[in-house]
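Following this line, the structures themselves.
Same chain, two partners: subunit A is paired with subunit B first, then with subunit C.
Entry: the complex of A and B
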């Protein structure tokens, strides 16, 4: 069975390779937006120095990192599952002896790995090189970052499954899902750094799964003094488990509904 | 192999509200009507059979197939397939089953056909040799190799259907459900698919249940047919029996040698007249055609006579027309 998931991930990876030209264009777009966002945030920094504990270099790392993750985190929304539910195609997935969540996750992994390797990483390096920002990361912090990144993508995946699963219950799921996506982007610190939030919101956000999708690997990457890596990683693991359970429950109930009511 | 007893499937259809608050009202709405798509059907199908499942639009064929595949739970009734209740042990059931829904593909839309097959090989854990053997066989019977590297979304309908069939049979399932596998195909493509189904059924002893509106499929493939209308099975038996029981009238076409004013003969009625060529219809349950010909010869001079037995197509049209009539009289 593992072979099947491996194959699914590989196929999804290979599929991305077809769109090499689009990929290059993507890097260019991400870069442009990156400059724009970087200068905007630098202007904010100039107006209120030291805001959220950021300085010039960390603003650049932040923007580079968030631009690098636009594709793997499916920032512009991901509706594949939602579409198959609405169109009824989901029925053909039920006819295959494979775990539903696992199937989608394998495909997501293939996609994410490609996007990170072919788009995210070059973009990040390019960005840092242009701004001449050195990135000092010890081997152990590098490892911690990799683990944290993996966990972040997995949490993001479950979250996306959850908002897609809304399609089981409402015809207007796309609207709800788009809302959920925007809210999560904001709360995970993708749009502006969590450090820029008002204090009460910063505290509130820590009680949600959203920082586990973006803010935590970012913190590890920046190696903010006093970062308790193990604590951060365990928070991610905690949210990963919660969201996996939630997503699986929703899929289970949704499937039941389709199977009993006929969609 | 398949034992179905008093299967019932009812759908609740909720009223949909439109407008700004429609979505919210829909969530709480409990107003609904109930549609009985399948109404207490019972049947048994033995391993290796090839059964045609027929009926007019909306009769409940697809709904039955969905219950058989385990993706729909019946409202009531019992169903076991090879000792398993499909929806209770879905994964176990789908492992030994294949399915094609002609109306939509079960393949991954964006992958080339070969990638889909490779994926299925892993999902069903098909041994390398068996996979090779089947792929060769499908290349032969379905011409699969012509479009192995094309993504499913760019295939023509006929190619897609062939790919779908190959995918359904790839893991040598014990039982395969085909819901309109020839829909929208040209004559040659249909022929090829029929040939494929017939070959697999006879060589691998795969049990096949097939729904179709194409009576050529039925005539070519199915010895046994089940006919359903409004959720009820109205006939279940040999195709030959269906034709002889419901085929209705036979036809006698006579080319007369001279002009006559009155051409009516006892025991037959005139259904068409074209110059000297007259078509009579008569019931085959009597004494056969001999008395009619005797009668004709005694009274008229004729040049040529031909006899037409009802074929599957006319038989089934006949049955549908009768049902149609029954329904409209119900409403009167």
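Entry: the complex of A and C
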């Protein structure tokens, strides 16, 4: 069973290697976009020193981190499951003797690992090198960051499964899914740091799963003094469990009533 | 228009995506009354202008966005044998109505921002001045879309790089040029003069110094001409590309 998942992840990883030019173009795009964002945020910092607990170095780390995660978090939306529901291809996935959620998760992991290694890591290092930012991360914090990153991608994956599963109920799910994606991007702090939000919004956001997808690993990476790593990680685990249950329930109900269109 | 609900959600999603950009801007200005001397209303004015032009260009030139597909499916070959201009046929092959969301939002922001910045009697004159500015901006963005599409005649790999200039340009122009690195400012003024889409005419209208762009204020009067010039250049590049077009055919 494990081997099947491993194979799926590996295939998904290898598929990414075909798009080498696209990945290079992606790095260039992320780099430029990161510059635009960095200078904007630095101007805010200059106008309002210490905004959201940020300084020059942490603004750059934030920008680099957000650009590095563009591909793994599927920032521009992810509609793979939705598409198979709409086209009816999903039926062939049902025939496979493998857990449906697990199958998609294995594919997602393969994609994410490739994108992190080939695009995310070089991007992050480029940003740190260009702006000459030292990244001091102790071994234990590094480990905590890796765990947090894995949890973040897991939570993000379940969330994406949930909005894709909408397609079981309506054929117009793409618009709903796109909105769900945009709202989550904003609330996880991808567009602007959570620390910049007005206090009421910061408090409200903490009650949602969204910081667990982006803001928590970021906080661990920046190693803000007073960061309670264990508390942050357990919050991520909490949301991971909730979203896995929610996603699995939706898939379970959805697959019961799915009607394949066409002959 | 058959799929009404689907269209509505598409429209909403489209509206939402630029709405989050706007929300981010408003949040930024809760921390400071001005960014490099530009207030929220003034920055929103820039934001509204560039997004209006961008949305108009996307709506009118939607066909260039799908040009890669037209080539791959052999539809472009069909167009070439028809007794109608290929440029016009490609341009009208797709009309993206859902961009209407971004357009109405852009226009609404311009109105609200102008109301904040200027007295109502001068605002009327400014609106008249803005029409050629918006037209110039639309032509400029269309020029970029056409250039991107034309490149697809030779290669389809790595065309995403163009998004840096189209979407990235729109992102930069949504903020005062003053916040960016001098290299970026010079790039968008002298090399690819997109600053004339909104920053330079707006700075001239509301009387901001043009130090960030490094051009004299009178150049603002010629802003629409930069869009027109870019469009004509792109049009020539398109003709050049089509002359060298070799079908994907088998």
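Note that in this section the second predicted complex is superposed on the first by the 258 of 263 C-alpha atoms of A that agree within 3 Å, B and C clash if a C-alpha of one lies under 4 Å from a C-alpha of the other, contacts with A are read in each partner's own complex, and residues count from 1 in each chain.
Criterion: a residue touches a chain if its C-beta (ideal position, glycine included) is under 8 Å from a C-beta of that chain, and two chains touch if they have at least 3 such contacts.
Please read these numbers as outputs of a predicted model, since none were measured by experiment.
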A:11 touches, of subunit B and subunit C: first, second, both or neither? first
Winner by number of subunit A residues touched, once subunit B and subunit C are compared: C
First (subunit B), second (subunit C), both or neither touched by A:24: second
First, second, both or neither for A:234, with subunit B first and subunit C second: neither
Partner chain in contact with A:206 - subunit B first, subunit C second, else both or neither: neither
Partner chain in contact with A:172 - subunit B first, subunit C second, else both or neither: both
Intersection of subunit A interface sets (partners subunit B, subunit C): 170-172
Residue ranges of subunit C in contact with subunit A within the complex: 3, 5-6, 8-13, 16-17, 20-21, 23-24, 27-28, 30-32, 34-36, 157-161, 163-164, 168, 171-172, 175, 178-181, 184
Residues of subunit A touching subunit B in the complex: 1, 3-4, 6-8, 11, 14-15, 87-89, 91-92, 94-98, 169-172, 258-262
Complex contacts: residues of subunit A adjacent to subunit C: 21-22, 24-26, 28-29, 32-33, 35-36, 39-40, 42-44, 47-48, 51-52, 170-172, 174-176, 178-179, 182-183, 185-186, 191-192, 196-198
Of subunit B, residues touching subunit A in the complex: 9, 11-12, 23, 26-27, 63, 66, 69-73, 87, 90-92, 94-95, 97, 99, 101, 104-107, 110-111, 115, 118-120, 122-125
